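Here the structure is laid out as structure tokens; the discussion comes afterwards.
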Amino acid sequence: MSPVITRAVKQGQQPGALVHVGEKKVDFTEISIMEYNRGHDFREWQTDDVAELAEILQTDDVNWVNVIGLHQVEIVEQVGHVFGVHDLLIEDILNTDQRPKSERYDNYIYLVFKILYLDEENEKLKTDQISIVFGDTFVLTFQEQKSALFEPLRRRIRQNQGRIHQAGADYLAYAVADIVVDQYFLIAEYLSNTIEAVEDELVEEPTRETLQTILRLNRNLLSAQKALWPLRQIFSELQHIESNFVDKSNHIYFRDIYDHVLHNIDTLETLRNIAAGMLDIYLSSSSNKMNEVMQLLTVMSTIFIPLTFFTSVYGMNFNYMPELAWRWGYPLLWVVNIVIAGSMLVYFKRKGWL
Amino acid sequence: MSPVITRAVKQGQQPGALVHVGEKKVDFTEISIMEYNRGHDFREWQTDDVAELAEILQTDDVNWVNVIGLHQVEIVEQVGHVFGVHDLLIEDILNTDQRPKSERYDNYIYLVFKILYLDEENEKLKTDQISIVFGDTFVLTFQEQKSALFEPLRRRIRQNQGRIHQAGADYLAYAVADIVVDQYFLIAEYLSNTIEAVEDELVEEPTRETLQTILRLNRNLLSAQKALWPLRQIFSELQHIESNFVDKSNHIYFRDIYDHVLHNIDTLETLRNIAAGMLDIYLSSSSNKMNEVMQLLTVMSTIFIPLTFFTSVYGMNFNYMPELAWRWGYPLLWVVNIVIAGSMLVYFKRKGWL
Amino acid sequence: MSPVITRAVKQGQQPGALVHVGEKKVDFTEISIMEYNRGHDFREWQTDDVAELAEILQTDDVNWVNVIGLHQVEIVEQVGHVFGVHDLLIEDILNTDQRPKSERYDNYIYLVFKILYLDEENEKLKTDQISIVFGDTFVLTFQEQKSALFEPLRRRIRQNQGRIHQAGADYLAYAVADIVVDQYFLIAEYLSNTIEAVEDELVEEPTRETLQTILRLNRNLLSAQKALWPLRQIFSELQHIESNFVDKSNHIYFRDIYDHVLHNIDTLETLRNIAAGMLDIYLSSSSNKMNEVMQLLTVMSTIFIPLTFFTSVYGMNFNYMPELAWRWGYPLLWVVNIVIAGSMLVYFKRKGWL
Amino acid sequence: MSPVITRAVKQGQQPGALVHVGEKKVDFTEISIMEYNRGHDFREWQTDDVAELAEILQTDDVNWVNVIGLHQVEIVEQVGHVFGVHDLLIEDILNTDQRPKSERYDNYIYLVFKILYLDEENEKLKTDQISIVFGDTFVLTFQEQKSALFEPLRRRIRQNQGRIHQAGADYLAYAVADIVVDQYFLIAEYLSNTIEAVEDELVEEPTRETLQTILRLNRNLLSAQKALWPLRQIFSELQHIESNFVDKSNHIYFRDIYDHVLHNIDTLETLRNIAAGMLDIYLSSSSNKMNEVMQLLTVMSTIFIPLTFFTSVYGMNFNYMPELAWRWGYPLLWVVNIVIAGSMLVYFKRKGWL
Amino acid sequence: MSPVITRAVKQGQQPGALVHVGEKKVDFTEISIMEYNRGHDFREWQTDDVAELAEILQTDDVNWVNVIGLHQVEIVEQVGHVFGVHDLLIEDILNTDQRPKSERYDNYIYLVFKILYLDEENEKLKTDQISIVFGDTFVLTFQEQKSALFEPLRRRIRQNQGRIHQAGADYLAYAVADIVVDQYFLIAEYLSNTIEAVEDELVEEPTRETLQTILRLNRNLLSAQKALWPLRQIFSELQHIESNFVDKSNHIYFRDIYDHVLHNIDTLETLRNIAAGMLDIYLSSSSNKMNEVMQLLTVMSTIFIPLTFFTSVYGMNFNYMPELAWRWGYPLLWVVNIVIAGSMLVYFKRKGWL
């Protein structure tokens, strides 16, 4: 009873029906919990039993409940219900074709955005959706599949590094979001490197592969922009949010993410502008090369075509061709030919075609 | 007395004159009604007699009156009058060349937008106009022709699935609008698939058909954008609307549509950007191919033209051509020819033309 | 004393000096008046005597004073003075190179915009300027030349059709503006048809005429946009205007025009986007064709150039050419030639050049 | 002690140091004064002695002090000090590389913008900077060089035409600004004519000169836009300005300039859009022409290459070539040749290459 | 213990961990201090001992503390702590991949932006990050490496020129920012010169180097824009800032910088527009040249190919070729050839290909 359906099938379904829209990326849905507090207390475990989660809400400890894999709809639903999450919101979590957005409810804030990663094989950017629901003492994260990205954060929690144990759930939510946004820097860097690699090739010796790289580059830039743009609005709001479970002193952290988002948007914009000009350079470069080819052909043809004509003339078998009998006819022809070829060479030299 | 006229004929007519502007897509105007309430009551029938509709307004049940076919102007007018719809608004309903918009009146809200569908034969997007007028207990929908799109919704009403019987006319209006907007996802998906299909062809072997596909693709994207853009404003307003016949708890549903509209706008924008680059790729790819062709021609000509010249020389009939009498003249010529051809081949190899 | 001058001559003139800027499109300035009221009263006449107009203001009837031809500056001035029109405004009326705008004065509202029409001969869009000054009981319209556009409106007034007699001068002003804006629909339709006509030609067989059509199309689209854009602001303001001589119930009519303006702007934008891609398609298509041409040339040359070389070899007159004496030399040559040509044909077939 | 320096040298200088940034366009700085009042009084003189200017401020007459040439820094400074102009503002006046702007001070308003003029020789737009400082009874104008533009205005003052003597310094400032903005109309007209001249050439027979004209045209359009754009904000503010030395009844004049600025911006935008497409048309046209050239080459080669091959065959000297002895061999060859050439001609005719 | 790490390594680190992100551009971190007051007091020294800085805060003198080199994290941190700078802000100072921004704290204002400079060798724009923290009596500047840019300012402080000694720390901060922004004028000038240099080459004789210059130019323009754009917002805010350590009379100076920023943005925009058209001109010019080449080839081939065919005909060895025996056969052939060649030349002359 875990319907994995695509958007096309979903159409016409009643709104609020809980169905998973997207690809099934893991085999089983997995729930892992990290619990810690301002002291040194720390606990970390995995569970199959959603009921267990209810206990979490009894304490004041911060709990990070991470759900990986969304196709087992009923598990996601149950987790949501434990934390009092609205049904429409659970529907959004299950639908991995969501526009990045933030929504504010009385007891929690909902963030959904895309983790960008590179499918190395096809050199294609792919996106995973991550949903963050955080309230006073809990942070729920829903991912499509496991990601190594959050390991350093987990280590910091385990080893009680930095502010993380001191700060509340809002800070944890920030830390998760920060990692996702930082990932965009890496993607931008990767795309920037691709551009630089192509640029040299582009002017020197553009090939069909260059063309494919440019095509891929443009698609990747557009994917990244599409995922990044809505973050601007999300964090612009979060940096000023008034909420009883977001500490005001943490606003500065959300402002920090906002700055990073702006910076990334600027960078992608610049890259897009560079990439946009690449096909024109390709064409220019290609047209340059064609000019070279044509010039060679024209030079060769133009020099030899008249010469061949003259020799052809004296290959004719007319009975009366006085030149054929001349003593110096043959050498003269060579002289004429060389003069013609020579003056043409001079002409082409002057034109800069040689 | 059912004037089917085009915009051109209409010009100069008095405003408020009720005329149908658009294509006649069905033979007869058809009125069907679905009536239901919070209990399990449900009735569904078709009628020719507009007078019958007046009874509907007596009860508190929700009534969905669906009018298909707009060319029988007087029927549309009568339906409108039963529900107290303003004359100018009836004129808008009849004019299928309307910009998508919403208008708020005291007793009802008017929405008009486009249903997108694909004319498979010509691979061209087409639009049908749908007008929705909803008040406290009724939803009027006016369509140009029957559409299978709303069948699932009808089934939900018939079978009393989900919230639909519990919620009022506003929710029904939402459900109708939701289906129309969901259709845009499918269109976006179709266009996205077309792009992917063309892209491979584009780099490998662009033909005249590729060109036609790109042309069609661009037109379809523009049609979709034109239909979609105004929805942004419509649902941005509806999600906050204060009205005595829109339940506040339903705002969240209109916000949901608004999110979908934004998502679709983003997607179409991305597709447009991809499509925009396609002609440049076509040109680049085509220019690449021409370079190949020209290189082959140039290599062949450049190698053989001088050789042919030399053979031509010794085909001349001058009486005094000492070389002709040489014992090794003929083999020598072959040697010279092979040396010339060979060194040229090396030269072209180095240039990367072979 | 009717100075017809151009902008260039006007420069440096004192502001407020009344001069006609623009082309003289009619021979004589003509004044025609239509007078009607809520009853069935209706009078229509032409006059040369501006003084006569003063009487008009005595009654409560609605008067439409239409002035055709602006080069007789003193007539326009006198008409203006009768209705208390400010001097600067008369200057604007006389200057046909005006940006469309609306201005509100205490006793009247001034609208100026462009009537678009098609100069069929050159397939070029042209503009006429129309100024509308309307107050409580009068509507003044100033046109550069007679236009058949307003005939249907005149007929409605004469025959007392629809609301026109019941409504006041504001409604008449609306009716005039409505006709002008409706004309933009026709122009958009014409341009849209031109685009469709060119598109087929474009992919199949682009010629120099196609190029000229595209060029003209772009210019026409830009002219239309330039005339249309400012209307957006004008009617956006008018639909909410608070004035003692604009009936609030007529706001809805100005909103209607506003919707039409937005719709036309959308349409022109879409057309512009389509047209923008046309030159790229032209280039692509042309490049396609060149590829075909070049392929044929290359195939022919590449096949025959080596063959001709071989025959040329055996046309040489060396004394010692053993092959010439071979019994099967000549047939062998044919065999060799056919093998070479055949294998090249196979090669080109595989490359898809044939 | 009149430092004429460029921006590069200025960098790092203390702000407020008075230096002239720009080209020296006249030999000597020249001060001319026009003094007039509501009566018929009028005086006009030139002076070297800045001290003389102080007397001007004693009367209620309107004084127009025109300073031509900015490189004599100390003169400009002294003039400024007489009228109480702030040091930073004098710095701005001296720096001719200023962005057009307006600034409001307690006792005067400062306007700075560009006079556009055409350097006929290079067909290049050039800019002069004009600074206007106007207060209750004075208008200071600072120009880089003399301009004939203001002659008609001077004549109107001298001859007491129009409102000028009746109105105050604010009206004079308006009149000066009006002339500068009117000049933009002429420039737009000039650029529009250039475009039309190029367009015909473009489709028919594009040459390298066409290319240069387009290049120049684009630069000129950009210069004009750069100078014009900031005027939008300047006059948008001035038309509503509340100041004790700007008469409210003169707002309408500044609004008039504002309208002209908007009109010019629209026109330049349209021209830019037209110009933007020109290079694409150039390319299309050029590619068209190349197609023609290539088709001719291909037709000629394709027809004669096989024919030449056949004749070449029968030019061979094999001992055993039976065809050579045939009685009808030679005529037969002609027949074969003509058939081949004919069928090829038919083929090319059908392809539309001839 | 001075970690020089890149963004990639930083990801996942705890926020607030102080690490240097960027290139190490100097060997040692260097601290230099300039101290001056309204009198003539002036002191200037360098130090290794951060503790010394604490004394600075005791006096009312203005202190400019300049830190060059950011890789010695602990020094930067200590300097920050002396002046009470927030940890997150120190993190920003250390991260040289920062988007230009300003932040306002209770006791100081933080500005960070880019110094543009030209790497002459690669003709590439590079950026250094400069952070300015200024409070009531101090200005801290953090640079990545020494820059000669600030020497003139230092000289003015040393020699007590202009207002600098009289004004406070806010004025000093302004002076530093002013120099940075002035540098953008020089960069714009450099880029403008590059464009002019390329333009001539572009129309006359475009080469592969031209292509590379255009490519580089576009990248530089984009870098400059990316660094410049955010300054718009920064100085727009600063010109109106209400703060107890920014003197209101200094607002005018920040407005001055704001004007310069706008001016530079305009200039870069114009340059970008010019540069954007360059590749199209390149292509047009290149296509022009190819046309020339092709025309020559076609003219030569088209003239000689038929001639060669005729001579080839009479080179055949058929036994019965009556023409060969004609007395005037040979001269006749010449006549025919000359007539053919001549009429073709006339034809090409008319076509304008010669």
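Each chain gets a letter, A, B, C, D and E, in the order it is written, and its residues are counted from 1.
Just so we're on the same page, contacts are C-beta pairs under 8 Å (C-beta built on N, C-alpha and C of every residue); 3 or more make two chains touch, one makes a residue touch a chain.
Source: prediction; values computed, not measured.
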Via touching chains, subunit B connects to subunit C in a minimum step count of 1
Copy-to-copy rotation (subunit D on subunit E, CA atoms, range 0 to 180, rounded to a multiple of 5 degrees) logged as 70
Here the gap between subunit A and subunit B, centre to centre from mean Cα coordinates and rounded to Å, is 26
When centres are defined as mean Cα positions, the distance from subunit B to subunit E in whole Å is 42
Per the C-alpha centroid definition, the whole-Å distance linking subunit A and subunit D comes out as 42
Among subunit A residues, those touching two or more other chains are 280, 283, 287, 290, 294, 297, 301, 305, 308, 312, 315-317, 321
Contacts from subunit C onto subunit B in the complex sit at residues 149, 151-153, 156, 161-164, 174-175, 178-179, 182-183, 185-186, 189, 199, 202-203, 252-253, 256, 259, 262-263, 266-267, 270, 273-274, 277, 280-281, 283-285, 287-288, 290-291, 294-295, 297-298, 301-302, 305-306, 308-309, 312-313, 315-321, 352-353
Interface with subunit D, subunit C side, in the complex: residues 7-8, 10-17, 88, 97-99, 101, 205-208, 211-212, 214-215, 218-219, 222-223, 225-226, 229-230, 276, 279-280, 282-283, 286-287, 289-290, 293-294, 296-297, 300-301, 304-305, 307-308, 311-312, 314-317, 321, 323-327, 329-330, 333
